[in-house]
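Sending over a structure as structure tokens; questions will come in a sec.
Note that the chains take the letters A, B, C and D in the order they are written out, and that residue 1 is the start of every chain.
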Amino acid sequence: MRIRVGIVGISGFGGGEALRLVAGHPSFELVYAAGEGSAGSRLADRFPGLPARLAGLVIEKWDPEALPQLDLLFASLPTGASAEALARVPRAVKIVDIGGDHRAAEGWTYGLADIWPERIAGQSRIANPGCFPAAALTALAPLLADGLIEPGNIVIDAKTGISGAGRGGADSRFGYAESNETLVPYGLLQHVHMPEMARAIERLSGGSAAGLVFTPHLVPMTRGLLATIYGRGRATTAQCLEAARRFYAGRAFIRVTDRPPQTKWATGSNLAFVSYAADPAREVVIALGVVDNLGKGAAGQAVQNANLICGLPDTAGLEGMPVWP
Amino acid sequence: MRIRVGIVGISGFGGGEALRLVAGHPSFELVYAAGEGSAGSRLADRFPGLPARLAGLVIEKWDPEALPQLDLLFASLPTGASAEALARVPRAVKIVDIGGDHRAAEGWTYGLADIWPERIAGQSRIANPGCFPAAALTALAPLLADGLIEPGNIVIDAKTGISGAGRGGADSRFGYAESNETLVPYGLLQHVHMPEMARAIERLSGGSAAGLVFTPHLVPMTRGLLATIYGRGRATTAQCLEAARRFYAGRAFIRVTDRPPQTKWATGSNLAFVSYAADPAREVVIALGVVDNLGKGAAGQAVQNANLICGLPDTAGLEGMPVWP
Amino acid sequence: MRIRVGIVGISGFGGGEALRLVAGHPSFELVYAAGEGSAGSRLADRFPGLPARLAGLVIEKWDPEALPQLDLLFASLPTGASAEALARVPRAVKIVDIGGDHRAAEGWTYGLADIWPERIAGQSRIANPGCFPAAALTALAPLLADGLIEPGNIVIDAKTGISGAGRGGADSRFGYAESNETLVPYGLLQHVHMPEMARAIERLSGGSAAGLVFTPHLVPMTRGLLATIYGRGRATTAQCLEAARRFYAGRAFIRVTDRPPQTKWATGSNLAFVSYAADPAREVVIALGVVDNLGKGAAGQAVQNANLICGLPDTAGLEGMPVWP
Amino acid sequence: MRIRVGIVGISGFGGGEALRLVAGHPSFELVYAAGEGSAGSRLADRFPGLPARLAGLVIEKWDPEALPQLDLLFASLPTGASAEALARVPRAVKIVDIGGDHRAAEGWTYGLADIWPERIAGQSRIANPGCFPAAALTALAPLLADGLIEPGNIVIDAKTGISGAGRGGADSRFGYAESNETLVPYGLLQHVHMPEMARAIERLSGGSAAGLVFTPHLVPMTRGLLATIYGRGRATTAQCLEAARRFYAGRAFIRVTDRPPQTKWATGSNLAFVSYAADPAREVVIALGVVDNLGKGAAGQAVQNANLICGLPDTAGLEGMPVWP
């Protein structure tokens, strides 16, 4: 059975990675690609490595009421740009929204696919997690579920590659010469991803996340995201690792490692790596979560969610090894 | 039918990329991995993103007389290290040598898989081309075959990402801080790849390549290789493009483009991009060839060669889109 | 004696580097800084490392008829933007135009400061060479002066860091994620710097540069520029090196090296490195020229030109060692 | 008055940066350079941009008992390699040890030159702070001095460019292809710089630093270091900024900024940037400290310390603006 797939936001980095994964998926057939700036151009002109069988596709102007027959739509639009338009997509079309508009919206299921897969299967409207929450919550979930750290006293120091800032490009701050060879902290005590993480921490722990602190940084690399998380608790390193191995038993995409993971371990894949170091004497627990911000942090997790809502194995089309070096 | 595959030189970059491609190949089953420095360690410790089904593999000490039952061996050893050892591998085991020892050796077929596939099919000892020749010859072949440039008067100015220097690492010149933010020409008028290219140019053109000039450069990026080639002739740009489209008609991995290709178009794939610009008034023809030095320039072409000698479609396991950005 | 200096185009990369050099110059006093987008903001907000003594400066809107009392103006404006405006600057203000509008203009002296310093001293309108010509002509001049290569048969394969594309930023092609990890050839057989180089080659050699071929490439690094040049002639490597050592005897900024120079040797300095390799049998001469595209390729050479027209030692304010690594 | 200066460890990154600063210093004259691997080679061969006046220097084998007449020695040796040898240097030679062996040693003064300059002036044996402590303590000192955060409850999440790992190079982990495009946390809960920071925190605050947590990360850039620090307290952002402006009043190298600093602001300079964000409701104070790890984090601070012990203005030779972009 072929599933007819569309992607809107094809010119952005998230949309481009969705294209790569859909093109390699055993059950998906790309029949529709839409963008704003790129509408009217051939998809192959934008993606010189496009498979020959997709060479006939033209990038359409995005119009939710003029879709071809679709089973599934990936939406990767800038935050603020998708809520109104996606409401007009026919109910029969399943949607995974990679963008940020529906993560707290009624009628949408928050798609942490390795943590709550059973809530996702059977749905038709999935809000994909943000890239920072994907890394941080994957590392935190086992600790919160087992009560190994206090939910109200968590510091997340996160670092992302620059593709996480989107393809906007119009902003010279993200130009190569200015972004290269520099490390940029931003959004101190006010980043847009903080409420999303607080909600999930509360759901995972049953407690309040009131004290949550989150600091994002831009790192001079294209892809990759690491959350270094500081929690309070008396657990040992071994207890944390064991809790994570138990929590993620049977999950294909989560790797619990003894040594600290680096971001390149995940590049180009849907994998997430988590590790832990704890010192009961200082009552500190460090949790590390690594993802590819465009993989598990965006399009990879989106395809995993799509697999779940289409009744496929969640690993379909996502089994490629990371690209190294 | 499963083909039992081994890889020797698993710790190097070429071996690592071969692992990624073999792991994702529909007909290959990895049953043996060998290395020098890494012998005895678990393959999963070296490759944290290894698929779970391969987690039991241990890196063996390389011994050509103590191989398990294999159908196919990929060898990715430093130049000079493979000739003697590969001679001791049983004849029943097909070999693709990614290293440099057999490119002019008797009993071995030079594996330019998009140019001479019919010579490769049916063989059991394939010498994979070097990364520079892979890019340069792919761009040159249509011009030489049609007599559009003089074979005796070719300048190849080539630029490679630093993974092309191998994983040696012991040399601080290739350390990050020294290799970053610098562009390094080397081996002027004397690079080891020059005879390999001259031989192929002569075979393609029937003329002498005596005047060949080749200058390699190290570029501060991990992967990617571009050959910018200057030839003499009166062809127009359109004639060159047309010659290439005809020469590569039906070849899955060669893309002839009107605009100059950049290296990232090929990253993580077995694609090669070629383009041309010519000025009959100045009698100059510029040919551009782009590959991923670890893809078409090493492991990708090796898998393509393996497909050919195993009687598989040459695209098997190589259909993934490039990773972008 | 203090020389009162202004900089227009302060927000661009060339203007910023001029600021750094002027701020460290023993005889220059910055009294005026102008820009377009940045007018009205404090100079210290744009340049957080600005010396405290300059903290009072505000970026002015550029108006050539409302200048404060100035002895010297550095102009670093986009090509096309400076010709009309600079004509309105009072004659008493000496100008070094880092931009491209006056390199073939009447009344302006082309400022190759290491090759024709005696033509520059005493002038008041200097057109600074482009970054590609600065590197290529520095390497070529000794060969052309001595007739060691044919002027009509030169191929310049040049590679620049991305700051050479300017700070425009509005173009997503120069965004970090798209420019990183890729090598981009562009402007084949048609780059804007070609006539500038052809003119200088003809002046240096007395012959025609009709066959000149120039191919620029963007390299994923911030600064640095290498020209790899292919000429025809029967000179030996030793003859080329000797010619260059003689040609540049007593010049402070030109280093003739036996081994191939890399771009990082020049970073942050006004140095240029040249080297040669030749093979009389193949009648080929390779010349290498390395500069920092913002140093000798822009602001460094501009300050050197300013020194010459102000009657200072040409090394004033330019003696800092390159930044390494 | 010329001060006769030697540098031992000239081949490392810290030694190389010391060379650049000494070469540009108005009162220092380099008369001695020593190294291990590089002994016997000309200094100009290692540093192609060396000023012509130093071209006669040859790198000596390091022998503390065979020094020429020196006033001042900079030592930049691997940790563990300097204690015994530096003890044999004549007392008349002032020493600034950039390496790690004397930071807690009797008879040596810990050289936080912007915080305790009065303790440094007049000494002859200075232990230069490590790069992580330089950034972290500069940001923390005003808060600790004013009691705005608890000394016993500090988390330092620090990120450094890869030159911070030294030039060793023998380790392929720091090779370009492996270090590029990845972010690497290491040394969790056990890094060697932790005791050095704890001692200084206790000295600055008068309290115990028992709960100190420090996590270093390697960032794919050559230079630059950021410490993102999480403390507990009820101060406001404005109070923290005000405390820092007061604490560092009159200090030339410390910039207190309203917006978060990025590492490139400091590249190539001895500047440090600090900023703060606080939320009394969550009782959290975030402090940011940015340095160039080879500048204020190593050779820049070393020269500043040398200025102090030689009775020079602490800014001598250190006034150059950062290199941007």
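Operating definition for what follows: contacts are C-beta pairs under 8 Å (C-beta built on N, C-alpha and C of every residue); 3 or more make two chains touch, one makes a residue touch a chain.
Nothing here was measured: the structure is a model prediction, and the numbers come from that model.
The interface at C-D recurs elsewhere; of A-B, A-C or B-C, the pair that shares more than half of its residue-numbered contact pairs is A-B. If you compare B-D with A-D, the chain pair joined by more contacting C-beta pairs is A-D. Each chain gets a centre from the mean of its Cα atoms; for chain A and chain D, those two points are 38 Å apart. Computed centre separation for the pair chain A/chain B is 34 angstrom, with centres defined by C-alpha atoms. Note on chain placement: the centre of chain B and the centre of chain D lie 44 Å apart, centres being C-alpha means. The residues of chain A that reach two or more other chains are 13, 161, 163, 177-178, 180-181, 220-223, 261, 267, 325, listed in rising order.
Remark: chain B residues 13, 16, 19-20, 23-24, 47-52, 163, 181, 222-223, 252, 255, 257, 261, 265-269, 271, 273, 319-325 touch chain A in the complex.
Partner chain D is touched in their complex by these residues of chain B: 13, 161-163, 165, 167-181, 220-222. Against chain C, the residues of chain B that register as touching in their complex are 155, 157, 159, 161, 177-178, 180-186, 188-189, 210-211, 213, 215, 217, 219-224, 226, 228, 230, 260-264, 267, 277-279, 282-284, 286, 288, 325.
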